[in-house]
Each structure stands twice: as structure tokens, then as C-alpha cells.
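Next, two complexes with chain A in common: one pairs it with chain B, the other with chain C.
Then we have the complex of A and B:
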């Protein structure tokens, strides 16, 4: 679980250019304009490459994956 | 009988809503009733031209067949290519859009655009494994739901089915009903007062100031406001009527003229169309392009995605030069805005400053109203004479 979390932190940090994203795991990433539609899609592609977990673009509402903690939870429950 | 226009429509809605209200306060499910009311209303919409009625029914039957085929295919060992099903689904709309260029009598029916969006969304989400148990009645209820049939807002099937299946208590129904009544009144005021004033402004003010540049500006301003009040008014009434039948209908406009950049404008203007295109065109194209590394950078991928998305949006309104240029124009604006937000350090430093936001708002509004001028044929057609 800790490994998955760290891998996801690295992915989000890399995609968003926000190295400190792990400091506030409950921050609304869309609200703060750290994630947008494009970055979210890149994240889905990266999650599929990294974990083999396929999440369709309309499968989740934004409110279901708008924080780092929620992204970790969504990937973990599909592994 | 035109929906939301002819008095007969509103008169007929009264008993339909009254019965829904009775069922609602008795805590009875409204799904089958909404389907029955929709079939009656669609019959009244099309019965004057039997050929159109037959075409609409045939469209529904074929769509249902495609949905069933997609479901069967998703569980089968040998799968049908989803692209083929989607192509068949959108063929009547594409044929209609091209056909009316040749003859205005080309077969089609009011609402063909919106029903195509809804039916296509179902096929795409069956393919994604997100829809696997929508019944035939639920599917037909979704496609035929009369408050949104002719002009949206574009509903999503999973939310619709969730509403149909969730039992509404008396209090929950009443909350929806009163909220719906509020939206209906606001919508009627927008459409029958706001749009009428904007139309008057657009028709008579240019004559008062002379038909020069100032007259053109005033006419375009009036036209933009008319578009907003007319469509937002219609959409709010549709939302209100939907809620009275126990179904949530997505909001289509959210104060678009306070947007401080063009991306925000599209998050506020014709929201159900822009989010549909975002979810089913932009995001899917981006996913495809990123996973195959078609472009060097994410920014380039997004910019190409915006161009494809908005060009399609323009052509969806009709295959004319005005709509085509309107789509390209908004594609360029979105691509430019995206590039600026990602690459311009000055933007990142100042985006939260009040002066920057005010300037950005003013620039956005000029761009938006110039877009309305393109859309309404105030630029390209006069230039070409």
C-alpha cells in the first residue's frame, strides 16, 4: 500500500509539476487548478501503464478523484 | 406542436405535471409514468407529419437494436468493433446535416441531434463496461424523455437510470418539485421577457444609431444576449419540468458572462454539450494520442484535442462556413488559452491578481461576443457578400 501511494505521488508530482503535492493529500487538485481535464487523462494513462488498472474517462466523477488520497484509494480498490 | 413555444404545450404540461405531483406525494415511482407522458408528447410533436413520426420511431428501434447488440457484444467472445456501432448510430445525423445542404426536405426529425448524443454516449459507456443492466424501458425512457427531447440539456444515462431506480420519498419528491417550479419560472422569465427585450434591442437599437460600426456592435451585443436568454431560459424550463417528473436534469448555463477565461466560459455556457464533448471527444482523443505518443508534448496533444473538439462542435450546429469558422475560432481560443496557462510564467505569477482577472474578463467577453458574431453570420457572410 505504501509503495502504491509513493508511486502515485510520484506520478501526480511528475504530471502536475508540483513536487510538494504529497504535503496536502486532501487538497482539491481541480479547485487549485493543479489538475485539469488534460492532466487527469494523462494520469489515467499513466495509471494504466504503471498498475495495469484501466479507468474509463467517464467512470469516475471529478469529486471521486480530486485529491491525492482519493486517487490512491481509487487505484487501490481496483488492484 | 412545438415544445416550449406553443401555448398548447404548456396547457398539456399542466395535467401531466399534476398527475406526476399526485404520484410523487404518494411516494409512487414515476419512471413508467414519465415514459408514457413522453410517448404521448412525442406523438403530438410529430403526428402532423406521419413520415417524420415513422422515421423517429424507426430511429428509436434501430438505436435500441444497437444498444442490445453492444451489450451482447460486450459479453461475447468475438466482439463487434464499437466504432462500427457508433458509426451506424451517428449516420442518420450526419446524413441529415449533409442532406439538408442538398434539399431542405431531407429526412430528419426535431431532436435528432440530441438523441444522437444520448444514444452514442450509451454505446461508448457499454464499451467501457460502465453500463450493463439498463433495461429496454429505461433505455427508451432515457431517449424519449420529453422535457429534454428537442434541445437538451443532454442527460447522462447512468444518472437518469439512478433517478428512475431510487425510490423518492414524499419529501424528496417535494424538494425536487419546488426546485423545479423555481427553475421553470426563472426559465420562463428569461425566455419570454429577457430574450424578448434582447431581441427588441437587437432589432431596433442599430436603426436608432445608424447602421455603421456602432450599429453592428449593438446588434451583435443584442444577439449574444438573445442567444443566452433564449437558450438558458428554455434549458431552465426543461430542467424544471424534468424535476417535476422526478428526474434531475443537468444545468446548462451558469452565469457565462462572468467567465474570466475562455475555458471557464465553456464550463458555464451550454454546459451539457461542452462536457459531453469534453468527456467523449476531447478526453478519448487525448487518451488515444497520449498512450500512442502521437505528439511530443502534453500541451500539443491538448491543443490538437481542443481544435478537433470545437471544430466538431461548430459543424454539429450545421455544415456552413459560418459554423465551421465559429468552431475553428473557439478551438484556437481554447488552444491559445491552454498554451498560455501552461507555458506563460507571467500568467502563473499574476493569474490571481485583481487587475489581471479584470483584464482577462474583458478580453474574454470581447472574444466571446465576436464568437457570437461569427455564429450568427455577422462576419463571414457579409464579407463574402
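Then we have the complex of A and C:
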């Protein structure tokens, strides 16, 4: 679990170009303009490549994956 | 009869197909051709009354994808007022500054929810409730015939775009520009064929790609389907809307298509009638077109290019399989009929031979009048092209670097200045920088585009904070973002911020973008 978390932190940090996201796991990434709809899709593609977990962009609403903690939860429940 | 081929063509559809839907959106709002004609006539008669607004002055249209936007556009043309569309994505401060530049004349608010933003302006305001009442009034044929209408020489619309010093600048497009653009699109893109088409529209009326929808979607009596912002935020809702609208023709930026392609459900089973796709506003990647053609067998994909200052598009071509096989970069198209595209050395203004990159100058019948109320900016960008090359016609200096090949196709390379396109949005980096330094937390700022896979991925800001900034890292970034959120639309807010003790400067004493971009590429 800790491993997945770190891997996801790295993915989000890489895509958003913002290493500090790890310190604010409940920050609303859309509201803070750290993620936008294009970056969210990149993240889903990266999650598929990294974990083999396929989440269609139409499957989730923004409110289900708008924080680091929620993204970790969505991936974990599908592993 | 109103001095505009476009307006007359739309009114003509009201006679031929009165009950056909001209425009509908993902919220279920719709308007037929006869309603569009009658409502715009009623509103035009109201606008023609000098007690309501002075003659000839521009009217600001605030809204997003309401059918009333279309009604207002036609009413302004019929009553001889240029319209200045302002979208709801703009924060209140920017709305107020645009309205002020226009002269605080009159604002028509077509929104029910965003009243707050438009309510703050100094100009008299027509609310949605007032607008509904006005549009429902019965007007006499005499009153309609007495309407001044517009004309080829008059300003048809004023479209505000990012300005380098932080003040939006208004591009003045004339009736001639609109009608000539319309003629070209109808002959070179919208081919005559049977059956009513449905145009998928994603761009609000305040961005110039929408003039393509307006012209193509209504001139022949087709239906335009617009995706509302609410659906935009949720891809699931977007896909529901796409399936419902059953579009035959698609107009958008490449990024939006790429976003849709990320979901396997985006294919011919979702949109079985989709036949044509027109993409413009940013670099189109071959991989995107290949994937579109794989998902929608038999589809025709077109790439287009053009500045707001020359009525949306000046080049267009279909992307053939041959281009996809042979080319690393896709062409932006062939020159529009009626426009001269001239490639010059940006320093000496000497013409470049085919195959060599240079700055693109556009001359011809769709070049804008200039920037509204800004003769200084107009002089710097219009009429610079040497007269013989411009055939004595009005010209516009694009700031874009292009190459013309011997076969007549043009290729886009990038910008020669600090204006960029991010996901189709035109942005002056200086606009963002001056907004950042206007906050108490930022001493100096330099904003750079971060490029991945050949297109601009996001913006990053290098900032030297003031002494008032006690935090660093994400904490400071959040503080700065919350300050600029009221001043910039969200697409102009840099995604990431990096903090420096000192700004590296070049020999001119300006921020050294080269040195900073080396930091971005790491």
C-alpha cells in the first residue's frame, strides 16, 4: 500500500510538475488548478501503464479523484 | 435586406424551414429559425431606440452557450450595433475592463447564474428576464424595415483577446470580413449536399473559432448543437451529450479531440453520423488524426489555421493518408481564396522563397479593421507588409513563423514573440506576468510554456517573491493563485510556480527566457 501511494505521488508530481503535492494529500487538485481535464487524462493513462489498472475517463466524476488520497483509493480498490 | 449576407441567409432559412431547430445545447435549450428571426427582430427594434442605447456604439453580450447569444448577435447586426461577446469564463475584473474599453455602453446578460460577474459593470445592463420580455414583443413590419442594418464597411463584431500588457485588446471585424469568410467556407468546406447537418460546437461565441460554427451551421439551415460548460467539466456528461446530438460535423481544438480519444467509447458507435471534423487553434499531431480515422472509418479530417485578426481561418486542407504517411508535421492548409499569404523575413521584410521559414503576413478581404480604440497597437500590426506584396490591400502581421511549400501548402512552426496557444486559448505571456506582479506577493515574474511531445503542455511561472511572501513552495503557490483567480480566466493561471531569489537577466535587462527555459527542459 505504501508502495502504491509513493508510486502515485511520483506520477502526480511528474504530470503536474509540482513535487509538493505529497505534503497536501487532501488538497483539491482541480480547484487549485494543479490538475485540469487534460492532465487528469494523462494521469489515467499513466496509471494504466504503471499498474495495469484501466479507468475510463467517463467512469469517474471529478469529485471522485480530485485529491491525492482519493486517487490512491480509486487505484487501490481496482488492484 | 440588413446589409449582411450572413444575417439575410439566416432570416431566409426562417421562410424556408421555419420550424427547424437552428441551435440547441446540452441543457436542452433550443431555438428554431423562425423564433430566431422574430426574437432578433424584436430585440433589434428595442436596440434601435436611442433611448435604450446610442446608435452605432458596440453592445457587450455576456454569456456562454445560450440560444439567446445567437439572437443577440443577429439583433445587433440588424440594429447597426457591433457586438462584443464576453464569455462567463472571464472573472468579474476582466469583464468590467472589457466593458469599460467598449465605453460602458450597454451589456446584455444572457446568463441566469453568472449575474454576479456582469452585475458589477458600470454599463447599463439588460438582465435575462428583461431580455426575454423584449424578445417576446411583437413588432410591426414597418419597424423592422426601418432598422438600419449593418454593412460591409461597418464593424460586425469586436472580439477581445489577451493583450501583452495585461489589458485585453478588441479585434474589430467588419461586415465584409464576415461575408467573405462565409463565402469561402461555404464554397471550400461546406459542400452542397442533401440532408440537414448537425454541427457540434464546443467553442463559446467569445472565441473566434465559433464564427466558423455560426457561419457553417446556420447559412444552409443546419442545426448547431452546443456543449454547455457543465457538461464540459464531466467527460461522462460530455459523452452523453455527444451521443444525443448525433452530429455530422465537428469543430473543435485538437486538445478536445485528444481528451475524448482517451476513452475507448469515443468512436463511430457513439457518433454514427459523424462525417467531418474541422480542427484548428493549435498544432495538430499526426497521431491524433490517425486515431480519429481508426475510430471513425471514412471520416474526413481537416486542419485549419488563422489569427483572430483575419476572421478565424486563412488556411485549410483535408489531411490525406499520404500526408499522414510522409510528414512528421501536418500542414495547416492552402491559402483561403481572397487572401494573400506572404512569408517575409521579420527583420528586413523581404520575401522568403518557398521552403524557407519566415513571418506570415495576411492581406485581403478578411483582415480586421484593427484594435478597437487602440490606434497604437493597430499601427504596429496592420499595414506593415510592403504594399506591392499586399496587392495594395490591408494586411496583418501575425507574429507566426510558417513555411510555404512549392505545392502551396503552409506549415506552422511557432511564435516569434511571447504570444502562445494553450489548448486553443490565445494567451500573451506578458498579460499573465503583469497580473502576477500586480499582486503584493510577486516582485518579478516570467511565465514560460512547457512543451511535451511537440505541443504546449502547460505554463510555468518563475517568480521572485516580495518580502510580504513568507511561505515558499506549494503554500505560496496557492496564495498567489487565489489572488490572481479574480483577475485571470483559469486557463491563463500557470499550473506550476518556481521561486527564485533573483531573476536571471539578459543584456537588455529583461528576464532571460533562454536561461529559464533551460531549467524547464530538465
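Please note the rule applied: the second predicted complex is superposed on the first by the 79 of 79 C-alpha atoms of A that agree within 3 Å, B and C clash if a C-alpha of one lies under 4 Å from a C-alpha of the other, contacts with A are read in each partner's own complex, and residues count from 1 in each chain.
Methods note: a contact is a pair of C-beta atoms (placed from the backbone, for glycine too) under 8 Å apart; a residue touches a chain by one contact, two chains touch by 3 or more.
Since this is a predicted model, take the numbers as computed values, not measurements.
The partner that reaches more residues of chain A, of the two candidates chain B and chain C, is C.
Contact with both chain B and chain C is seen for A:45 once the two complexes are overlaid on the shared chain. Within the superposed three-chain model, A:20 lies in touch with chain C and out of touch with chain B [touch as defined at top].
Shared-chain residue A:37: touches chain B and chain C both.
With both structures placed on the common chain, the touch criterion links A:62 to chain C but leaves chain B unconnected. Residue overlap on chain A between its contacts with chain B in one complex and with chain C in the other: 37-39, 41, 44-45, 56-59. Those residues of chain A that touch chain B in the complex are listed here as 37-42, 44-45, 48-49, 56-59.
By the touch criterion given at the top, residues 124-125, 128-130, 156, 278-280, 282-284, 286-287, 290-291, 298, 301-302, 305, 338 of chain B touch chain A in their complex. Taken together, the chain C residues at the contact with chain A in this complex read 232-236, 238-239, 255, 258-259, 262-265, 423, 450, 458, 460, 473-474, 477-478, 481, 490, 493, 495-496. Considering their complex, residues 16-18, 20-21, 23-24, 27, 32-34, 36-39, 41, 44-45, 56-59, 61-62 of chain A touch chain C.
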